[in-house]
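Alright, structures below, take your time with them.
You will see two complexes here that share subunit A, one where it goes with subunit B and one where it goes with subunit C.
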Partner chain A sequence: MSKNPFPLSKQDLLKAYRTMRLIREFEERVHNEFAKGDIPGFVHLYAGEEASAAGIMMHLNDRDRIASTHRGHGHCIAKGVDVRDMMSEIYGKADGSCRGKGGSMHIADLSKGMMGANGILGAGAPLACGAALAARYRGDGGVGISFVGDGASNQGMFLESLNLAAVWNLPAIFVVENNGYAESTSRNYAVAVDSYVDRAAGFGLPGVTVDGTDFFAVYEAAGEIIKRAREGGGPALLECKMIRFFGHFEGDQQTYRGKGEVEDIRSNRDCIKAFVAKVIETGVIQRAEIEGIDKEAVTLIDEAVAHAKAAPPPAAKDLMTDVYVAY
Partner chain B sequence: MARKISMRQALNEALDQEMSRDPAVIVMGEDIVGGMGGEGEKDAWGGVLGVTKGLYAKYGERLLDTPLSESAYIGAAIGAAACGMRPVAELMFIDFMGVCFDEIFNQAAKFKYMFGGKAETPVVIRCMVGAGFRAAAQHSQMLTPLFTHIPGLKVVCPSNAYDAKGLLIQSIRDNDPVIFCEHKNLYGLETDVPQESYTIPFAEANVARDGKDATIVTYGMMVHRAIEAATDLAKNGIDCEVIDLRTLSPIDMDTVLESVENTGRLVCVDEAHPRCSIASDVSAKVAQEAFGSLKAGIQMVTAPHTPVPFSPALEDLYIPTAAQIAAAVRRTVAH
Partner chain C sequence: MHRVGIIANPVSARDIRRVIANAAALQISDRANIVLRVLACLKACGIDDVVMMPENGGIRGHIRRRLDCSHNRGETEFPKVAFLDMPVTGTVLDTLRAAQLMRKEKVSAIVVLGGDGTHRAVVSACGAVPIAGISTGTNNAFPEHREPTVTGLAIGLAVTGLVPPSVAYSANKRLVVEVNGAQDIALVDAAIVTECYVGARALWRTETFRELLVAFADPEAIGMSAIAGLLEPVGRGESGGLLVELAPENEAELTVQAPIAPGYIRPIGIAGWRRIGADIRYTPATRVGSIALDGEREISFSERDRVTIRLEENAFRTINVSACMAYAARHRLLQRAAMPELQRSVM
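Now for the complex of A and B:
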């Protein structure tokens, strides 16, 4: 048995891989099923960004709350939301995470600390401040984490939240998942500062930038920030520089991308390939163990898709439930 | 035991009693304590109108002064509500909703439905409404109709201290987001208010005056103008019923319909603009449900479709008057 050079036990390495693999399988499958026309509405896929969700969420438990984005499937899976419930939700079925009333952009499971994917860019940041505030009143050491993309990092509510969290010294963490594009617009065009560390400093917060395709870099940086927040050290910003394999939404022709860009990032900047190469190279994990998890992921997603397709849609009466109908 | 106290005191008492009863109740807003971070008095203001004055001494950090940053703190109140707290956020003026509207109508209002019933958002957003303070176009609006339009929100607008206390306590205990509208001309008005805690259920209108000839339906400050009009009309033998809706969403249409079935005449009074207002909403519902009872066309008395003007000469023309309400009633009884 090789000596483990990683800051995670073998069991946790396998857990992290399982999370990333499950997200990838989920997203690749949704991509294919969407193309067949079976999935209503629109979806935004997280494939390519798995190291961020897994690297951060490995440090969290159910008392910690996250507020996600429109590209939220990966955050949900890493936070422990059931993939079968999620797939049913994406298909708009009655047994989905939100009983078919939310869809891809609004998957939530508060029992898991998942406060919802969000169709409004930047809206999660104040909500995570509220989660952090609630954790502080409860005194349970929980944290609130909000995710935004580089696009939503320009929203007023995000910037206001940085200040509020700093002023109140909240156990709040702001993760900027910088995949280089706000929809089709390059980050280089739309964000005036070069570094999010500078932007954080402007609000009195410490900031860290990591290679978001490197699970271990994310894991390590997130670990320090989360520990500090739990101990009363206050908020921080974490920028994960990453890439997305698919377009802004499914159906996006991505003509704004450079020639050969997608092929290049799939071949050379795949966070899952990089993770596998590292753990196998050191001999901590065997190829067969990786393949076992791959098969397990395929089976789980196959079952989730089959279940979602067969599940009944919500009943007509469900239109009028879960809200006070006064009129 | 009831004693006469102002609406300001009644609201303060409601917050005090709920904070004492339930540790999940927290209060946040701009200057709700006042003087934070400075060298002078803490609790310098207790809110711009003094509603939260004195609570900081009793509850300390459960009162949170916020930066001038409505998007962040209203969103934080909503996030905390989704995580088990019962925040009461003071937004000062309803006019400021514009900078944090997303948090209210896309987040708080939607969570329960959008998450399939698996989330509750027990947040109260208190704000001042209404004209008459010479506060001009951005500090004087009656935007209640904007919020009644949004499913998932509840909208409350008391007309007196007694209702204010009971409705605020009910709002804090309610599991849905509540927009609690306080008319700025009513804070000093004193009525009999019991010392002990009590609630007033939502969707229970108050018949503020009984009458048989015409029904006046309104809420907030306009209740007082309507009663003034009714008192005046009574001298001429016209007997008006005045209904104070108290809550606009949910709304008690049963009391309105029952009254119109008795009187056959309806005047809807609203300090909001005429289009898509509470007045037009109630009018439409009555036309739909009680057309056969109507002896005359429904009349509406509202503010004009203009921003609120500054000059006292103009603002006094903007706000519906008792004389306008009385004239509208006379138009209905002429038939």
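Now for the complex of A and C:
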């Protein structure tokens, strides 16, 4: 079958798969390496949530800015940040994205429009408003996108940002990556009304909920929302209902999860498996092409880890540099 | 004792049509208040036993708080409400499971709060139990639009037998879709589109529309059935349905301006249409695409799959709210004589 029934070209389908596979490989490898004790600080892994980052970022370019979360590796990769720079940063090495001084929760690359992962929950939302305001002043059609988890969406600054974006009609988009747990607290306990569409409506914004494990659902919805914002249609909220494969942080014993929950979601709700099944079933992409990308991802991550391990840490003389960054 | 079930979906009216069409986003607290209004009506009709689908979207919490407040104040406005003992997944599986359990518990009727998709899920699992629909979704071609208080009263009058079954219940048609033998249903319409993925589910790219079958076609409806309704209306109680062959606008000799989503009116290319009878299997001409059931892409198919669609009559029962209320007025079911000393002539 030669006809492509998807809303993306074959080239873009392969790009989306490459992004998701690279995120998965990166996160699985960080999981293993962290267990060895070589990685300083904390890491929060994005595995299982790849369809959200890939489905949204396929619509963006380098002029669009995103503000990420503590679980930011997937956003970084999908936005085009170099995985070798990222891995070095996570290992705290001098040639990392932030010269080894930020670590996992502060990876940034402004040249790619990645304003940074963020260790402060909900803090990305006002940054995205600022980026959106700047884009509007520049008149370049850019958008500002904030990612937030279901837990951080209860933070005041997130809600204040929804209001600000609505009042100023900013090209800002608020993505709630709802994986069901605020650290170890179930949303069933901690969110009085488990509807982010309701919250958006409270500020006069349209909100949309999609299955965040379905790449095509995220891609379609994000495409309409981003196009609307670029054209001056204003801010919107996108809730991606999704799942995370690992704990809140590496080392989390996950006693709050149901028995067999992780095995079940890995078997039945893996966004990458679903994507592959779909594109192969229709004959648009061949199994060999998928396997080629899988090998490519393994090689890239092997190289990134080897490089990061061998790279030097920041020197003592650099202790006081890079504390403030001029934009 | 009559027991009534309530299935209130917290996640209907949440899709992309909020962005592309300014569709309504009925809030959780509004949905919970609708349930409370229905509960008050059921109690007023003498029903004191209600079972609800549990969910974690906020409806259950809101209702429990209100019931507690009412109890604290010594009121007797609401019936006893229990929640089914079942896991909550936050997906359509909850609706299906709740409808199955309510059927097993032999409830007299199931009240459904949701859009066409929620009603479809309930109908697929409730068997002979009659349903009463309350519109809280996006297109809502199936549930009729009225104040839920009136629907609640009609349910109470129907299930207590105050309105006889021959008046209280209506038979409904549905469309049965089979893909390689696996069945699904649509209550209003089944559309064939060329997009071969479920994605964001909603239908708004008109150039992908190819074929449309409707169980009924109401010119006052919105959604895919509106296309058929504006060509040749077919009543809910009327025998047969309608098949419409669709085409890209620039290839069709006729277009119809149809509201395919709330506030979203687009020219739809029409290649032809004809009436269809019950129980005749229709095989779509489109070989690769998706089947949208009641306006949402649900099943994608390719040349390898065998797809048929047929209309089924007398498929399930609904409570006929208009008939119940008219009967109640005619037979003075809600009238009570005052105490003799207060009685006076009513002109």
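Simple rule for what comes next: the second predicted complex is superposed on the first by the 321 of 327 C-alpha atoms of A that agree within 3 Å, B and C clash if a C-alpha of one lies under 4 Å from a C-alpha of the other, contacts with A are read in each partner's own complex, and residues count from 1 in each chain.
The rule we apply is simple: a contact is a pair of C-beta atoms (placed from the backbone, for glycine too) under 8 Å apart; a residue touches a chain by one contact, two chains touch by 3 or more.
All values reported here derive from a predicted model rather than from experimental measurement.
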Problem set entry | Overlay on subunit A: subunit C relative to subunit B, clash or fit | fit
For this session: Would you sort A:Ala192 into first (subunit B), second (subunit C), both or neither based on which partner it touches?
Result: second
Exercise. Does the superposition put A:Val167 against subunit B (first), subunit C (second), both, or neither?
Worked result: first
Exercise. Is A:Thr282 touching the first partner subunit B, the second partner subunit C, both, or neither of them?
Worked result: second
Problem set entry | Winner by number of subunit A residues touched, once subunit B and subunit C are compared | B
For this session: Classify the contacts of A:Thr209 with the two partner chains as first (subunit B alone), second (subunit C alone), both, or neither.
Result: second
For this session: For A:Arg266, select first, second, both or neither according to whether it touches subunit B, subunit C, the two together, or no partner.
Result: neither
Exercise. Does the superposition put A:Pro7 against subunit B (first), subunit C (second), both, or neither?
Worked result: second
Exercise. Is A:His307 contacted by the first partner subunit B, the second partner subunit C, both or neither?
Worked result: neither
Seminar exercise, completed: Minimum Cα separation between subunit B and subunit C after superposition, in Å, equals 24
For this session: Enumerate the contact residues on subunit A facing subunit B in the complex.
Result: 65, 67, 96-102, 106, 108-111, 115-116, 118-120, 123, 125-131, 133-135, 137-138, 144, 156-157, 160-161, 163-164, 167-168, 321-327
Exercise. How about subunit B: which of its residues touch subunit A in the complex?
Worked result: 26, 62, 64, 66-67, 69, 71-85, 87, 99-100, 102-103, 106-107, 110-119, 151-152, 154, 176, 203, 249-251
Exercise. Which residues, counting only subunit C, touch subunit A once they are in their complex?
Worked result: 10-11, 13-16, 18-20, 22, 25, 27-29, 56-58, 61, 88, 90, 194-201, 288-289, 300, 302-303
Seminar exercise, completed: Interface with subunit C, subunit A side, in the complex: residues 1, 3, 5-7, 187-188, 191-195, 197-198, 200-201, 206-210, 214, 216-217, 219-221, 224-225, 228, 236, 239, 241, 278, 281-282
